[in-house]
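In the two complexes below, chain A is the common chain; its partner is chain B in one and chain C in the other.
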Partner chain A sequence: MPFEALVAGCLAYVALMFAVAFAADRAAARGHVRWLDHPLVYTLSLSVYCSAWTFYGAVGYATRSGLEFATIYLGPTIVCAGAWWGLRRLVRVARMHHVTSIADLISARFGKSNPLAALITLIALIAATPYIALQLQSVRLSFEVFATDSPQGNPLQGIGLWVAAGLALFTILFGTRNLAADERHHGVVTAIALEAVVKLLAFLALGVFVVWGLADGPVDMMRRISAASRDAEFSEGWLLKPDRWTALIVVSAAALVTLPRMFQVMVVEAADEERLHVAGWAFPAYLFAMSLFVLPIAVMGRHLLPADANPDLFVLTLPIAADRDFLAFLVFLGGFSAATSMVVVSAIALSTMISNHWIVPGWLALRRRAAGNDRPDEDTRDVRGFVLNARRIAIVAVVGAGWVYHEASGGAAALAAMGLVAFTGMAQVLPAMLGGLLWRGANRRGAYAGVGTGFALWMIMIFLPSVGVGVMPGLPADIDPLAFSIFVSLAVNTLAFVGCSLFGFPDPVERLQGLSFVSSVEPIRHSRMRQSDDRAEPLLAMSRRVWGADAALRFFQAEAVAQGKSGYLPDLTPRFLTRLERKLSGTIGAATAHAMIDRVAGGAALTVSDLLQVADEAQRAKEETQRLESATTELARTATQLREVNEKLTALSVQKDAFLGQISHELRTPMTSVRAFSEILMTPDLSEAERRKFAEIIHDEAARLTRLLDDLLDLSVLESGRARMSYGVVNLHDLIVRALSSASATCPERQFTIDRDIPTEHLAVITDGDRLLQVLINVISNARKYCDADRPVLSIHVRRSAGAGAHIDIIDNGSGIDGARQSLIFEKFSRLNDPARAGGAGLGLAICREIMLALGGDISYLPGQGGAAFRIRLPVKPPLNSGASSGE
Partner chain B sequence: MNPKGRAAQMTLDILMIEDEPNIAEALRFILTRDGWRVDLHHDGMGGIEQIRRCRPRLVILDLMLPNRSGAEILAELRAESDLALARTPVLLLTARGQGAEGGQQADIVLAKPFANDELRATVRDLLD
Partner chain C sequence: MPERPLFLERASFRRRRLGDAARILPVLAALVILAPVWWVPALVSSGGGATAFFVLWALLIMAIRVLHRALLRAEAATMRAQAEAMHDDDGPAARDKDGTHAV
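Here is the complex of A and B:
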């Protein structure tokens, strides 16, 4: 096959890849992601695992070491088929946290520690550079195979640079189009999926050709393989070494999740964990297909090709030797695909890590220092552009480093060895990653210790020897250096990780992140922790919603003071958190608080906004309960009030009926007399004495009716509060004299001894003199009417009260009013004795009480005074509400 | 019907229980002029005893009495074990307008004020 044709075909293939990537990006931008998101595309994109190392190197590996090459396929197969649930969990957690790389995952888990991420980025870069160089080398070697046909001198001058530049360009074009939060690259993934198909088809086509074209079918092939295994040339390398097998399976299994490019396609580019349902069986199937013909090709290559032929290139040299140009070209494209996809995805993954964990944090720190700006979040737009550029630079740097390494190393090393170096390097991240996902006790200190020691051991035992710098200290000949190094580095790594995790307490962010990772619950967002106080603030906000601003602030302040801190934000010590939780439970109920704590301790979603929401809900519920309770209380109160009002109304209604009945009685009674006597007067033959007597009765009854009507009107005015009092200065002595004189008209035939202390009566009060006089006359008249003593005595005494008011006691020496009736005498129509003596309707004392209340005093019965005893109390000053009418 | 003849029997025709002295005076004057032997009691208290003692042919009972209402006295009278006594006709006087309680057990209820002739006719009906 002419070299020009190869180059042209290769360029056409590259153009196709660009077109596919472009189309996929366009489709994704328009939202047509259905086929892009198909699990099969995802599964095929995982085949980025099969780099040029597996494509070319597997046959070389098999040629040198027999079935050992299979360990590279077994590790991922075991993980995918046997632990797909673990992968699903990894993907779920990573997507939950919007993780952008393996370094980001680990740093997020361990309290968002950027130095940790930076360290992992360093390991990844160191491990990946020779690996990328290896891809470039494989492309160069594959070109060289064809170039031997070329008539021109040295067409390969700078081929590595061209390939590197092209890959960098592709990666920049499709890998840094945007800064999407989930860091997905549809174009790249689709192109890789297509390349995966090409890889597989090429390898299968070659395998079929080898088994059925070169050998004589499967049976012949089996025979040949079996013969080869007995061949002395093979036999030593083909011996099965359990230590190496175990180590390599572990390392390759780790590689599936720790290699930056694998993490990129499996975790970062995954729309969700559901794809792993398909990938769980489809990817092992793919690997199986890729490995199916490795041994036949190796054996046939050995058999047919010259002894000095590079086994790593058997896949190409076999079809070329057989003059199968198209097959060779197909295989070349397969290898090219394997190499380029690996470089592109690695470059994307590494550039993300480098820009996110090296360049941007450094740049921000510099800016902060330069500008004295302590709020870097304010210029996000600025950062965005910078991040994209940082990534582009990082891509060039990553691919460039691979190229430089490739140029510098001269490409002598076997492909497989360089792949293993990368695998073992990234495997050092595995303990921290698994521990972080499975063990809540894992903490940052442990992660540093584990990754750090693992990295150091890997550098000393594996990486440096692989590049010829330093040599492993001599090991006994029967110990495999690679297996030993892998075991030792991973064991020490794990021990350091576990040990240091045990001797340390995770800070709150780590605790919460740890919970989130281990329980695969929603992460706390915005919990980037610059100072420990950063999370005290949202906690305070949450508590405020629960307790109200003042109470929350008081609690936080008290806690801060207890910690010996100034300000109002305490450190988030476990003690404080426990107290806070406990106090919260006291306020929002144990169940809610427990649910919140449960979320912290092993439950479900756990974002600050979630916690706030929970707190809000609890507060709302509490308020609602309080509202309901108060509403219930209010209702009960209203009901009671209504019942009271109802009772009052009923009582009033009864009273009204009784009152009307009374009035009717009081009116009809004199009327009856008037009518009866007037009719009698109309009859003839009455004596003059009778006539006079009956006329007098009529007159008296008419007067009684008038009195009754006067009293009723008076009472109704007084009771309605509309009575106008005319206040003025009054001498009580004058009033008493007038009252005695007026009252003497009642029962004038009775002689009363009046007992008075006249000097004390000279007391000036501000009151309505006429109204007070009315009261005095009424009480004195009652005494005149009802006092049943043989020699009646009426004592009238005026006293100043303690409160500077005054009272007038009017006491007779009769039998008084018995206890049961004392409470009735001030009621309307409560005439106690027979009407003959009363001469009134029983409204007198009721009127007196109304008058005294209107004057701001009162009238009461004094029990135990011998006879009927009334006390009339006067205030110092008239009541304010009556003051308006004073002086009129 | 000859009042004079009745008077000879020396039995009491009417026992009036009325607390209002003027009304009692008027009624006695009217009824006595018609020839009835009338006795008077002024208080609710002792009313029923007075009836038992006098065994009048008619009781004129005021509803509103001090100490003991006319309705109570009426109920007591109707509950007497001496059936002749218990069936004594009762004219109930009320100043409370129509429908006074206790009226059901009275033979007739007269609302105050009333015409003298109305009273006289009623008494005559009840006693003949």
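Here is the complex of A and C:
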């Protein structure tokens, strides 16, 4: 393939990437984020893990060390197996705190300490520079492979510089479009997702070509691999060493969450943790697909290519040797994609860290010193432009450092070794990160101690030897130096972290942050603002300098509206300050945001007693909720009671209306007769007999009217509880005898057989004899009136009650009262038979019941006795307040 | 504030147990990946061993996928159960709503 064609194709590909990034940014700006937001795009963007080190280096690694190359992908697989509770939680906490980078995460957790973030930025930069150099080197090497058959002399002069400059330009264009570093870079992410597809397709195409084109299918391929693994000379380093295996898996697992570029795509660019549901399995599957053909390519490369060929470039030299120009170009693009995407994302992540943790805090400190430290809010210069420029400069610096390193080192080292240096360096951050997320007791001193010792050990044992400065101290031959260094540095790091955490007492801000990170609850900002003066305006001025006037005013107005205020100045509530600080920290990092707000708003330092007050407030809020809840239940209970009472009242009102209707009717009938017959009497020509007859009728009707009115009066007196009772000792036998004789006046024509047990009747009770007699007469008269048996029998039984008092059962042998009407008989004006036959107003049993209640007993209908049966129950002695209680 | 419930409904119970499985899975994955190399490094280093290792890896990825899908389904089922309980009455709703926080 001619070199010019390659360059042209490569430039076309670069142009495509610019176009895709531009289009995605445009789409996002217009709000069309549906496909940009797809979990698959997120998963593909994670593949920035597979840099050129994977693409070219994995085959070289496999050639030298066999299956060990897979450790780099197995570590992330293990982490992804825990994505559901591990990564999801990391993403949730980071999003909650608007974290902009791994350094920002750790600094925010440990009390928003900027020096800690600056230290981590230093480690990340030192680790990343050779790694970026490695990407540039791989691009240069791949160009060289094609350039060997170029007729021109040396077309590669400065290719590394051109690539670096192009990448820096791309990163500045699409990586610094928005100021908020925690906002998503849709253009970059989409371009990276596309590059991930190219990478995967290129590698799979090559693998398929190797297995089915060069070898004779998978069976043949496996035979060849087995043969190779038995060949002592070929598989010299292939025997797996358990210590190296374990150490590399640990480091690669750590790399997935600690490498700045991985943190950027996995945490900062994630809209929410839902994305991980797909990425949790799809990303390991991507890694699996990328490693599937590594061993076949390595074995075939060794078989087919000359012995001095660079195994790191087998992926390119194999298709070139087989004269597959297009495949070679595709593979070249794949490698180019891997290298460029890694550099772009690393540059974005590192530039954010450098500007947020080095440049901006330094600049602010310098200005403060220059301003004389007394009038902090008077400075109105724009921080916004400065932050963006700082980031752009940092991007150029990061990529430039990689290029300088590449030029200086001459690109001799094997690719894999350089990648591992970066992995082990960032792994030193892992203990502080894990501890910070899982252990509330972890504190800043521990984090400094752990990260610091880990950094020092890494420099001495891994980094410096890798760049040829100093050597590892001698180790026994059977100990692997890399595995040893990894274990020792991580172990000492963890010990220092835990040890210093155990012996320290964290400051209150740190404890608040610890609570928020470990329990993943909303963070609370609690600083003692001077309540009296209005500090919202300086805060607005400061925010305007960071975000620009419009954005700041929008935010403040929204907050004021949320507080129920009009205008642009909300009250400085803890809630508002928390939100303001978090939004600021999304732009300039947690530590700087915290410092700026404290400075402008004049907050005093937080003390332990403030912390206790926060806990107190939480407790009080909880108690308040509990109180409210019990009040609610109480209210519900009262409402139910009220409803019941209301129903009763309605029923009573209906009853009263019915009663009035009844009474009018009952009074009206006799009155009509009286009036009619009086009118007749007034006619002059009446015989004496007629006159007497009509006068009798009038008399009878008047008597009936009187009886009715007596009954009503009686009932009303009883119901209102004003009835006077005259108690005395009464023998029930006497009463029954009197009642029977009185009642015999009713329907005197009927002969009743009376069934009595005289001896048991001799029972003395204290009660109102006359009233009880009235009840007995009424019940017995009713029996005489209504008993429909041919040979009527009336049984009267008196029995002493088990508890106390006595009861009298009066039973006839008629047809009784059917069930549905039993409940009605004690109501006023209830007449079961036709009124003419009864001859009364239907008040008798109602009066009986009222009398019995007044006497402290009751009267009830006994069902199932073979006829109408009433039971009159008497207490031993009458109620004390008989007058008052009877009507209830 | 309602007390933490003693027993959960079927949907929440199942989701809780799947959550336990999701905690065990990475430990299991680490064991499966580390143990063979510590135990029989020579065997894993051979061609057949490498093939077997890739099969194991593929199975592991499938296990992650199956578990994640089950968890998503269980979460959806819990949501549904909650929504139904809300419609039903206040009693069961309060029970399940709090159930999501209990361990």
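Everything that follows uses one rule, which is that the second predicted complex is superposed on the first by the 511 of 888 C-alpha atoms of A that agree within 3 Å, B and C clash if a C-alpha of one lies under 4 Å from a C-alpha of the other, contacts with A are read in each partner's own complex, and residues count from 1 in each chain.
Assume a contact is a pair of C-beta atoms (placed from the backbone, for glycine too) under 8 Å apart; a residue touches a chain by one contact, two chains touch by 3 or more.
Quick caveat: nothing in here was measured; it's all calculated off a predicted structure.
Of the two partners, chain B and chain C, it is C that touches more residues of chain A.
When the two structures are aligned on the shared chain, A:389 is found in touch with neither chain B nor chain C. In the superposed model, A:815 lies in contact with neither chain B nor chain C. In the superposed pair of complexes, A:653 makes contact with neither chain B nor chain C. Within the superposed three-chain model, A:675 lies in touch with chain B and out of touch with chain C [touch as defined at top].
Residue ranges of chain B in contact with chain A, taken from their complex: 19-23, 25-27, 29-30, 42-43, 64, 66, 95-97, 111-117. Residues 661, 664-677, 679-680, 697, 700-701, 833-836 of chain A are the ones touching chain B in the complex. Touching chain C in their complex are the following residues of chain A: 66-67, 70, 74, 77-86, 222-223, 225-230, 235, 238-242, 245-246, 249, 277-278, 280-281, 284-285, 288, 292, 295, 622, 625-626, 629. Those residues of chain C that touch chain A in the shared complex are 1, 19, 22-23, 25-26, 28-30, 33-34, 37-38, 41-42, 44-51, 53-54, 57-58, 60-65, 67-68, 71-72.
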